[in-house]
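Residue numbering begins at 1 within each chain, and the chains themselves are lettered A, B, C and D in the order written.
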Amino acid sequence: MAGARGLFIPGPTNIPERVRRAMDVPMEDQRAPDLPDFTLPLFADLKRIFKSEEGRVFLFPSSGTGGWEAAIANTLSPGDTVLAARFGQFSHLWIDLCQRHGLEVEIVDCDWGEGVPVERYADILAADRGHKIKAVLACHNETATGVTSDIAGVRAALNETRHPALLFVDGVSSIASIDFRMDEWGVDVAVCGSQKGFMLPAGLAILCVSQKALAAAKDAKLHRCYFDFADMIRTNNDGFFPYTPPLQLFRGLRAAVDLLLEEGLENVFARHHRLAEGVRRAVAAWNLKLCAKEKRWQSDTVSAILLPEGFDSNALIRHAYRRYGLSLGLGLARLNGKVFRIGHLGDLNELMVLSALGGAELALRDMGVPIKAGSGVGAAVDHFHQTGTTLAVAAE
Amino acid sequence: MAGARGLFIPGPTNIPERVRRAMDVPMEDQRAPDLPDFTLPLFADLKRIFKSEEGRVFLFPSSGTGGWEAAIANTLSPGDTVLAARFGQFSHLWIDLCQRHGLEVEIVDCDWGEGVPVERYADILAADRGHKIKAVLACHNETATGVTSDIAGVRAALNETRHPALLFVDGVSSIASIDFRMDEWGVDVAVCGSQKGFMLPAGLAILCVSQKALAAAKDAKLHRCYFDFADMIRTNNDGFFPYTPPLQLFRGLRAAVDLLLEEGLENVFARHHRLAEGVRRAVAAWNLKLCAKEKRWQSDTVSAILLPEGFDSNALIRHAYRRYGLSLGLGLARLNGKVFRIGHLGDLNELMVLSALGGAELALRDMGVPIKAGSGVGAAVDHFHQTGTTLAVAAE
Amino acid sequence: MAGARGLFIPGPTNIPERVRRAMDVPMEDQRAPDLPDFTLPLFADLKRIFKSEEGRVFLFPSSGTGGWEAAIANTLSPGDTVLAARFGQFSHLWIDLCQRHGLEVEIVDCDWGEGVPVERYADILAADRGHKIKAVLACHNETATGVTSDIAGVRAALNETRHPALLFVDGVSSIASIDFRMDEWGVDVAVCGSQKGFMLPAGLAILCVSQKALAAAKDAKLHRCYFDFADMIRTNNDGFFPYTPPLQLFRGLRAAVDLLLEEGLENVFARHHRLAEGVRRAVAAWNLKLCAKEKRWQSDTVSAILLPEGFDSNALIRHAYRRYGLSLGLGLARLNGKVFRIGHLGDLNELMVLSALGGAELALRDMGVPIKAGSGVGAAVDHFHQTGTTLAVAAE
Amino acid sequence: MAGARGLFIPGPTNIPERVRRAMDVPMEDQRAPDLPDFTLPLFADLKRIFKSEEGRVFLFPSSGTGGWEAAIANTLSPGDTVLAARFGQFSHLWIDLCQRHGLEVEIVDCDWGEGVPVERYADILAADRGHKIKAVLACHNETATGVTSDIAGVRAALNETRHPALLFVDGVSSIASIDFRMDEWGVDVAVCGSQKGFMLPAGLAILCVSQKALAAAKDAKLHRCYFDFADMIRTNNDGFFPYTPPLQLFRGLRAAVDLLLEEGLENVFARHHRLAEGVRRAVAAWNLKLCAKEKRWQSDTVSAILLPEGFDSNALIRHAYRRYGLSLGLGLARLNGKVFRIGHLGDLNELMVLSALGGAELALRDMGVPIKAGSGVGAAVDHFHQTGTTLAVAAE
């Protein structure tokens, strides 16, 4: 197929040229005497992305799922209880992982399209006088539904009830794209992956862990070795790793972190918000609805868009891919066939969003969905025109 | 600046990933015993792009301008007369080059926006009973104005007058994008460059030369060495080169030719036409005018679009570049400040065109040009929807 | 530092250009409808590398250590007994991992420099009439000492005693470089990583698992989720993955498998043997000794070379790296400071080996180790000259 | 063929990774408003490589041969006389180019293996009282024979005779590798190419031109357009180009110039000298002879090595290439079959030289040339050991 493909799934995201080049290097010596000159500052700068001074960053060669596993395996023991809300495929999967590791999960089921029910969390925590709940799980951005939750609110609920449970946050599709504040929000384990806001291929779970969670590791009885914090700490302290690290990904991560810090995290967040709002204006102009049920929950990294009754989103997505090289996100689990998702995170700008919207309009028209050609793009153009640019121009 | 830039100038054009990877190789041995296994089939396949069985292909490390120079230096002598029409910056520059090499140029000046005046050529050739005119120059696609000329018509004019002049065609921005027929049209030297339809960086002049032109080289008295056909022929026959060849570009050229032949030349031309028509529909929806004065002259590789009085196209182009990373083509020479150009050639598809149009709309709105946001993109979407796709899906 | 660095550690190994280019691609859609056209044949061809028709291949985003964990977590239960020999750092670490997962390990300690003690294994298995031993672990190639063990012998010991234990083999630094026969040797789980014979960056554990081991998974009680075979099987069957896969590594793996199959596995093994023998001839010419205590244990992928008393191998390795850009392998654990290792596996040829040997000679001379300059290289040159080449010339 | 190939021809040379990555970029806008921010400092830094403050640098998309043509076409008129010595294939070809442009060449023929005959030049210039000689040509480093000439001596000869002729130097295989001093030596046109000391693919002629030569352009009557200095000056002054420039090569050139300046030119020259001397020690240990007839003429960028009577260097080179992936330089013209050349310039270090020498020993042994395996490498190792390193370690 001629021309560049358009990748607008909510991860893995487009790799910036500079990151791609940084990874395209000959193999290196994993025990080179000068490797720590590279790795130690990288760890330090990663903490800035998490907005953490207290925490410690871990890099596991794995997907984000491995990060979920690392979070619990290092801090909990079989039979421990955790509190978690389920309102989409990814919040569901973390719960499933906990259960398969022998944890008791107190599940709060919500409508898909809602976020973490902060009030219900507060009620449950208040009722848990015996502190049976050892950890509270919260999915910061539910990628399946395009919903962002209020993590500060969860922290407030814990604080108000003086509950000592650890707070674990799935920030896979939020961190580095949407404001996230490790220390301020008292997050104990924040789990991220390389393939979303970090703009890299999948292959790295990136965690930030509080001192409280590290202390909890001492009594945690879940088996662990590959994902063991202690093995990492022992070698990371000198800038090395307990097993062969994925050095190309590290080189790419260095470049990605440089890009983020050069643009400035707040500028990155503002850019995501502005571009996301362009997409939402287009959805409105098409007379389609978002899966996110309230404005406060609309995600700045992914929009899940409901098709009208009678249209199959899988067919739309297949058509867009095969005919126009446009990748949109599938509807997952119960949303399958009903929504298509536009990922608008990572290395993104106005031109790319307009291309995604234009391509979506074309595919929607081809499939007979009653939208007016140009309406969505026009709404986004108007929005971008009116709001000016907030792009920091990084010295490429 | 975050995200991918949008390059929509009429050359150099976007490099396909496969071509880019093909060039990203360690340096090779320019005299390796197996180099001819690579170069000889490449020459053979290049002839297919020119639609020539009779001709001979030359690859000079130079820009297209060097190709113009090679064309005349190998075939003409100081004081020879050539016939040429001038209707844009590039047709002008070839004339200038001829004059600086001591040739007499019979110049036919036309309005910028018109193509080769076939009838006037016919009249002049008919009047030239003494055959003082040794060569006829024709710019197949005037990149400055977005005008495609009728080369078959020029050949007909030569045939009707039984004029023996050589026919030289500047196909820099047409060949490999717009139908070009070396043998059928009796072209004697076709000049192309690597950086347009061949989707490569600049650096190669790609010529196809007829046996008649090669024979003319024997008596041609213009000095030449770097651009000498004879030196090339002597070494090319064995698959080698008279001086160090740009091997990375050759590797890229191989990949580009493969892409063109896999898609099929006629499909490539149809794709260019369909995408170009999408751009023209958008221009019409914006109520703007093309520089090309008649429909028959509208180029399928570049559209030069006139801004309304009072607007400065340079300011528009600067703004689009600086704020949105969108590169549009400048107006050249007398068109400077008056037109902006959208290059729609090479490795291009619907998504990319929609991105260019969306970005242009945004920049036009920012500059206060009275267009309706979404109108152009909508017209293109409608056109693409109605015409289906003619893309051949190459096995990437 | 000018010039190319020389990487001669026993992994991660040099990445072939073709593999490197295959990985240098824009991000792809992990749920693209045509992804299975790529992944399903890849799984099929990977089985050929393991010489398995019966087994099933798994690709986990992790290092080889994760592969060890996957092997036991999917097949065993807490308290199960496994038999394992320890004769180097990597055989030690797998034992450690088992213990940390609550397994009982019957450890057979051997001298470092020896391989799996097949006779002692046979005695122990014969004595285990109650079949308490659920799995037998064997490190095919101990990377720390340069020792290759007799896996067929271990299988024979199991067969002779009709012992039903599973046979798990660490083939991280053997598979794809040294002959390995999954089905013929009755291996139940073979663990490999991407960064040795597969010539890729670290980041993939590559496992082949027998039907017997897959059946054992049904009753295995060790917790697992990230490394769960069942989740993989469910999605792999359709060509997809349970979590975001590292697509760039998969593209590289495809290219690496193509290279291996084009050269032919037996040619790959013969090449490794011939090059390894060149290194061993050099070591002998230097009057130095290998860590491997007997010829039958000498590894074709890595040589651990003992320095004379009074010399510090760490200093040698640091000097070679800093001054000449030459990476040699450290001595690990009890061998630290005593040996340096030359990795001779993966994408390697005579020129590269001669460069490693020449560089080692230079560094050894600089450090005052009494060797004759040129002696080692000369011995290798003589060996290569006498044995001719067995390189299959792949059509690059 | 497995493993990395070894490229030890005297150009094109190995591309440093950093340069290669710098070139692997998407296409750029050749008229971008910020392009001058990139090009103007590049021109300035290139002058530092030529050691020129007075001169002006030109970048023509062409090979070095085009640079020769640019030198004369811009400064001389048909019938002008130039003085030139011929002592190898490249000094011969420049003479040929002059003749084909209608110049009279006073040729001084020397034995191949000698350099510019400074005394004879002095005699001829002294005898040319009428200043018929308009330009003196000197090949700084004759790539065919591995001979470096005394350019300061040629300048002295001009100065002593107060001869006003322009001094043109072919520095294609010397500049950026061997000390060259544009201003101090009063060079009027220095011609270089991208594919030797600049460590890039072929495709750029890089010239430095004195004010005296620029002034001469005003009266020069040779036809020129593609290679015209004036067109370049007009556009280069603003940071742009008269025709589409090869932007990828420019990006690579920027990286290469950075590497050279970071290492320090004098360190670069010292590195070349030390590595070259290692090669010469090896040649002596093999009991073979260099083509360069005297020590003062031995080139630090290429060694042409004579085979004993009865051996065919073409067969040796073919064998080394086909069997070991080792590229050595052919003997050219009258040296064909008699010499093989080792290029030791550009991105080179000890490991690479040892690899070239080891590979050459292996190929020589295979061909039956009576050398002792290891002797050459050993001599080079001893030399490198004794002279320590002069490598500047650049911050890669």
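Just so we're on the same page, contacts are C-beta pairs under 8 Å (C-beta built on N, C-alpha and C of every residue); 3 or more make two chains touch, one makes a residue touch a chain.
Predicted model only: the values in this text are computed from it and were never measured.
When each chain is reduced to the average of its Cα atoms, D sits farthest from subunit A. Comparing chain pairs A-D and A-B by the number of C-beta pairs in contact, the larger count belongs to A-B. Inter-chain spacing, taken between the CA centroids of subunit A and subunit C, is 34 Å. The distance from the centre of subunit A to the centre of subunit D, with each centre set as the mean of the Cα atoms, comes to 53 Å.
Computed from the mean C-alpha positions, the centre of subunit A lies at a distance of 45 Å from the centre of subunit B. Multi-chain contact residues, meaning those touching two or more other chains, occur in subunit C at positions 4-5, 14, 17, 24, 26. Those residues of subunit D that touch subunit A in the complex are listed here as 17, 21, 24-26.
Interface of subunit C with subunit A (complex): residues 4-5, 7, 9, 11-15, 20, 23-24, 26-34, 60-66, 68-69, 78, 96-97, 100-102, 193, 195, 201-203, 222-228, 242-249, 318, 321-322, 327, 329-330.
Taken in their complex, subunit B has these residues touching subunit A: 1-6, 14, 16-17, 24, 259, 263, 268, 271, 323-326, 347-352, 354-355, 357-359, 361-362, 365-366, 372-382, 384-385, 389, 391, 393-394, 396.
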